[in-house]
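Each in structure tokens, the structures are laid out below.
Next, two complexes with chain A in common: one pairs it with chain B, the other with chain C.
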Partner chain A sequence: MVQELFAPSSLILIATLLAAISGVPLLLPWLLPAARAQLLSVAVLLAAACTGLTGTVLLLLSGSTTLFELAWTLPFGPARFGVDPLSAWFLLPIFFISGCAALYARSYWHADHHCDTVRKVTFFFGVMTASMSAVVLARDGISFLFAWEIMALSAYFLVSAEDEKPEVNEAGTLYMITTHTGTLGLFALFPLLNLLSGSWLFPAPASIHASSGLSTAVFLAALFAFGMKAGIMPLHIWLPSAHANAPSHISAAMSGVILKIGVYGLIRTLSFFHDIPLWWGGSVLTLGAVSGVAGVAFAIGQHDLKRLLAYHSIENIGIIFMGLGVALVGQKVGSPAMMLLGMSGALLHVLNHATFKALLFLGAGSVIHATGSREIDLMGGVARRLPYTALLFGIGAVAICGLPPLNGFVSELLIYLGLFQGIQGEGWAAAAAALAAPALALVGGLAVACFVKVYGIVFLGVPRAGAYAPRHEAGWQMLLPMLLLGLLCLAIGLAPGAVTRPLQLVSLSILPAAVRTEGLPLKELLPTTMISLSGVLLLVLISIVAVWYRRRLAGSVSSETVTWGCGYQRPAPRMQYSASSFAEMLTSIFAFVLKPHCHQPEGITGLFPRTSRFFSHVPEAVLELVYTPALERLYERFLPIRRMQNGILQQYVLYILITLVVLFLSDYR
Partner chain B sequence: MTHTIATQINSLLAALILLSAFALLAQRKIMGLVHIFAWQGLLLALSTAVIGYASGEHHLYISSLLTLGMKVILLPYILYKLVHKLKIHRDIEAVVNVPTTMLLGIILVVFSYHLTAPIRELSNLMTRSTLAVALATIMLGMLMMVTRRHAVTQILGFLAMENGLFFAATSATYGMPMVVELGVALDLLIAAFIFGIFFFHINTTFESLDVEQMAKLKETD
Partner chain C sequence: MSLHPFVIELLQFALLLGLAPAFAGWVKVLKCRVQGRTAPGILQPYRDIRRLFGKDIVLAENASWLFRFTPYLTFGVTAIAAGIIPLISVDLPLSATADVIALVMLFGIVRFFTALAGMDIGTAFGGMGSSREMTIASLAEPAMLMAIFTVSLASNSTSLTQMVSVMAHSEFVIRPSLAFALAAFILIALAETGRIPVDNPATHLELTMIHEAMILEYSGRHLALIEWAGMMKLTLFFALGIAAFCPWGIATGGDTGLLLLAFVALSAKLVVGACVMVLIETGLAKLRIFRLPEFLGSAFLLATLGMIAFFILE
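And then the complex of A and B:
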């Protein structure tokens, strides 16, 4: 009995339940003051995270699968939950990021400063963590839908935490509409799957042939529903505003984990099929490439720190989809190396993106906490006041750019290697891989440009606006989670050999049996020792240079001046590069997708030019130029039908009467 | 012997209930409508008691008493109070004029008889012939809701429908289980309180109880 309680799967279940009830102390205001209750619920959630992580790691090491069945009397049969390597892999970020974000919130969203919203935010954060875990554990369509909806709704309450602000309200509403549109896709998906397999339970891996029309419908429904949640490019419209307007630790959890639940859903659905046609892989690969490039292009033009990070989430989801596409294409062309590299690249990038994006959002939260604004153009010189935050944000920035020696490099390298394997093949698959590889390179390059901009404008230089000068370094509750995340980034980057075994285990559990019989270890495909060695070498080099530079500075006399003084006699902070001037060239190159709004200064002529102003803004072009006009047209088309709904009570009763009579007549034969 | 007489009495009561349903369609004064509704409830209670006596299903006596209490005394009293408080004694307008409504009602009755004909063939209960009347009462209640403008008449139409449902239950299966009937009675009571409260609010908001005023609530295009 005791042994059963400490089995990895039981630990995960206990962690899920603990997370679900973690917010309850805050719902009992008459028992505990808010600050004390918040401390208690943070402690409970941390305990849940530690328990869950222990269970998950144990499970990944053993590679076992456990199923639970809940025999209830609801329709659609019993509820089934289970833990297998794939679920365990996604549980890692769920528990890790949630734990970090909860601790961070203790200082960032302290009960004393946010007394109106702290109850709501803490309670729904626990519920969201538990429901995400439940989504990953669900093994039948109905439980999956239940967990999915609870997750979506709790996320809504978290996004709209400060719902007295109109922009927060708007973001919440947009999120609500899109998430329910996505759920509509799931309502189509599970009945179709039921038609194919004859049960609401998830079918066994690779048990359904992918060539039938029903399978195609399942794939399209899954791509729509899960793509909406993951924020893949044409379906990403909810993501920037929701991430920007949520509290930062919520953004970290949403971007780090909720998006990954969408990826999980897609991977899980795809694992049911065998003999996947080329166009499935091709479309996933294309969507990934489009999201990657367009996501980072949109990111470059942003002025809002969190909105910028949100667009980077779209980019990284694109990279994950590219890995997935490589694995699917590999399945068609019969290349085990492609399958293994693509799938493990996608899976590792799921974990990596979760860590570094959470790190970046938490770092952004500290900056916003210190400056009081999200506008990049109002910041500057943050590194001087917040040195630790600056260092950790820097680690996250290097990781997201996919540079060694951090973790982003490893997962992108896996996908690159997969693409190179594809290029060696022939036909359409090789062409697709050959086109995708430069796209991935472009994404990496643009990401570097974007983060040079962010880091340069926000952390370096001097404060641009006095009112928004950074005030104080973040507290330890905020720095510790960031440190943990940063260390994980570094650990995976320096010792990728440690994750290859679980990665291989997870990938093989969902890939077709052909890969398993091939006996191709991931270690042979990925030069882990080389990565570790070069990483260490790089770090040593950087430290040598840093030490040398310090020594040199210490010996010389230096005068202080404003950054980017450009030799002017009296340089002012306003002369510094701004976010838009830094990105101007790149946004103009991508103007055909970004459609930036640019207000040029006028009347600068003669000796005494008039006062003028310049501003530029990159809108959410897909939403504003595609969806909104299309929906407006749809609305106009449906106006004649809306006349039926005229507000007159008698007519509504008449509709009921007519329906009744028609039903009677149709039943009467 | 008693069986046939009971059937005859029940058929007579059914005919009177149908008559009262038509009277509801024809009556223009609100107080008149409340009185007719009370009479319909009384007929229903009597019919239930007769069926209970003839079939030996003694729980129907309780239903009958419940009907008497609720639909003959309590609900008409609440409506009476409401009409006095809101001062709405005057004639009320109908969307469709009374003769047309009556013709439509006749069509609905014929339709109900047509619809229940096969059930009459199958059933061997003594109340089988009154099922058509029950269905017709439901339909006429609905017709009343469609053709009248005043909020109080809407409620009366709704309550008449409920009477029809109750009658249908007794004629089709000698009544519903006691638990269900008690539940329905409680629901009705609560509904009465709720519409009472709503009428006050509607009356103060729109200064009228004409439900067409409520079309203003709809968002404009």
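And then the complex of A and C:
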């Protein structure tokens, strides 16, 4: 009994339940003061995270699969939950990021400063963590949908935490609409799957032939529903505003983990099929490339710190989809190396993106806490007052750019190598890979440009507006989670050899049986020693220089002077390059997608022109130029039907009654 | 007599550190001759570096640790790259790290920090330089990767040492794919090392400078390190081109005679390569900065043509 309790799968279940109830202490205000209750909640969630992580790591090391069944009186068959390597891989970021975000929230969203929202935020954060875990554990369509809906709704309450602000409300509503449109896709997906396999339980891996029309419908439904949740490019419209307006630790959890649940859903659905046609892989690869390039192009134009990071999430989901596409194409052309490299690249990037994006969002939270604004153009010189946040944010920035020696480099290298394998092949697969490789390089290059912009404008230079000068460094409760995330970035970057075994395990558990027998170790495909060696070399070099430099600095005298401004004697902070001016060249190159708004200054004539201003802004072009006009037209067309929705409750009850009677009659016949 | 790989590695470091200024000086001498000016002498870069090391540092008021740290990082990472690219021998202890993708990323780190240093001092010039440099670099990266993949297709590996040994041991055949890739590589190398027609290393004119705008505030030994690293980067791009496109003569072991031969071959190739670059630089005017996307776009197209040529013809 005791042994069973400590089995990895039980630990994960216990962690899920603990997370679900972690917000309860705050709901009992007559027992505990809010600050104490928050502390207790955080402690419970941290315990859940530690338990869950222990279970997950043990499971990934053993590679076993456990199934639980729950008796269920609904006519859908039993509710089945299970832990297998794929679930465990996605549970890693769920528990790790949630734990970090919860600790961060203790200081960032302290009960004394946010007394009206702290109950809601803490409670639903626990529920969201538990429901994400439940989604990943679910093994039948109905439990999956239940968990999925709880996750979507709790995320809604978290996004709209400060719902007294109109823009937060708007972001929440947009999120609500899009997430339910995505759920519609799931309502189509599971019945179709039921038709294919004859059961609501998830079919076994590679048990369905992918060539039938039904399979195609399943694939399209999954791509729509899970693509919506993951924020793939034409379906991403909810993502920027939701991530920007949620509290920062919520943004970290949403961007780090919820988006990955969409990726999980797609991978899980794809794992049911064998003989996947080339166009499935091709379309996933294309969607990935489009999201990657367009996501980062939009990010460059942003001047709201969190909106910018949100667009980078779209970019990184694009990279993950590209890895997935490489694996699918590899499956079609029968290249085990391509499959393994693509799939493990995608999986590793899931973990990596969760880590560095959470780090960046938490860092952004500290900056916003200290300056009181999300507007990049008002900041500057933050590194001087927030040295630790600046250092940790810098680690996240280098990691997300895919530069060695951090983790982003490893997963992108895996995908590059997968693409290179593809190029060596023949026919369409080679052409697809040859087109995707430069897209990935462009994404990487633009990401570096964008993070030079963010880091340079926010952390370096001098404060641009006195009122928004940074005031204080973040407390240890905010710094510690960031430190943990930064260390994980460094660890994966320096020792990728440590993750190759679990990656191989997870990849092989979902790839069709044909490849499993080939026994191709990932270690031989990925030059892990190369990465470790060059990483360590780089770090040793940096530390030697740092030590030597500190020594020298002690004795050396260097004079200081005003920065040279082309002979101008008194340079002012506002003469610095701004975020918009930094991005101007790139936004004008991508203007055909970004459609930037420029407000030109007026009235600059004569010897004494009057005061004027210039501003530019990159809107969410897809939403404003595609969806909104189309939906408005649809709204006008359906105006007559809207009369049914008149706000009188009795009539709604009548509708329900009529529906039920009709259903009864149709069944009776 | 055969040398230990570690000795060769050290030799390579020394070679690059020592010869990079001479190479930069040689380019300058050639350029002056072609343009009808009096040349300063091939040793001028050494004198410049020595002079800069002797000078005091003047820092801008707003400079943070990042600004002061970047020159050392730039120099160190460029030196690591020198240990990776096979100059005179393939048999290097660091050759395991000689993946071309990793090499591109190493230059990426240098660029990331140099651009940040440009923004650190809070001036319009630094930001302007960083913005331009990052724009060019991000557009050059796809072309660079495409050219590299085209070359590595022949050797089935992205490992530089693998590429070099396959090339060095195969017979000389004119391959259309490699010709296209070489043309693309030359365009990219001009952009990456900041030469005409992309950037002019000799100018400090506010409106046109790119790389110089980022490092405008550097002085004393900081500037010396950055300048030296810049010369090494120039030499390294030549060495990369030589390794990828005409590595003939490179030693595969540690035999002293062969190494000496490889050194002579390398020097001859560098001398010829510099002539080509000087002709390009003298024959062309600097492009308007808004035309650069077209320049890099044509580099990308050339590289893509190379890849298509590989599929169709080889």
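One rule holds in what follows: the second predicted complex is superposed on the first by the 615 of 669 C-alpha atoms of A that agree within 3 Å, B and C clash if a C-alpha of one lies under 4 Å from a C-alpha of the other, contacts with A are read in each partner's own complex, and residues count from 1 in each chain.
The rule is simple: a contact is a pair of C-beta atoms (placed from the backbone, for glycine too) under 8 Å apart; a residue touches a chain by one contact, two chains touch by 3 or more.
Here the structure is a predicted model, which means the values were calculated and not measured.
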item: First (chain B), second (chain C), both or neither touched by A:F420; value: second
item: First (chain B), second (chain C), both or neither touched by A:E584; value: second
item: Touched partner set for A:V661, first chain B, second chain C, both or neither; value: first
item: Broader residue contact with chain A after superposition on the shared chain, chain B or chain C; value: C
item: Chain B versus chain C as contact partner of A:L649, first or second or both or neither; value: first
item: Partner chain(s) touched by A:L639 [first = chain B, second = chain C, both, neither]; value: first
item: Residue ranges of chain A touching chain C (in the complex, touch as defined); value: 380-381, 383-384, 398, 401-404, 409, 413, 416-417, 420, 423-424, 430, 434, 437-442, 444-446, 448-449, 451-453, 455-457, 460-462, 527, 529-531, 533-534, 537-538, 541-542, 545-546, 549, 553, 556-566, 571, 573, 575-577, 581-586, 589
item: Residues of chain A that touch chain B when the two form their complex; value: 639, 642, 645-651, 653-654, 656-657, 660-661, 664, 668
item: Sites on chain B touched by chain A in the complex; value: 95, 111, 115, 118, 139, 142-143, 145-149, 154, 211-212, 214-218, 221
item: Residues of chain C defined as touching chain A within the complex; value: 56-64, 66, 68-69, 72-73, 76-77, 80, 94, 96-97, 99, 101-102, 105-106, 108-109, 111-112, 115-116, 118-128, 130-132, 134-135, 137-146, 149, 152-153, 156, 158-159, 206, 216-217, 220, 289-290, 293, 300, 304, 307, 311
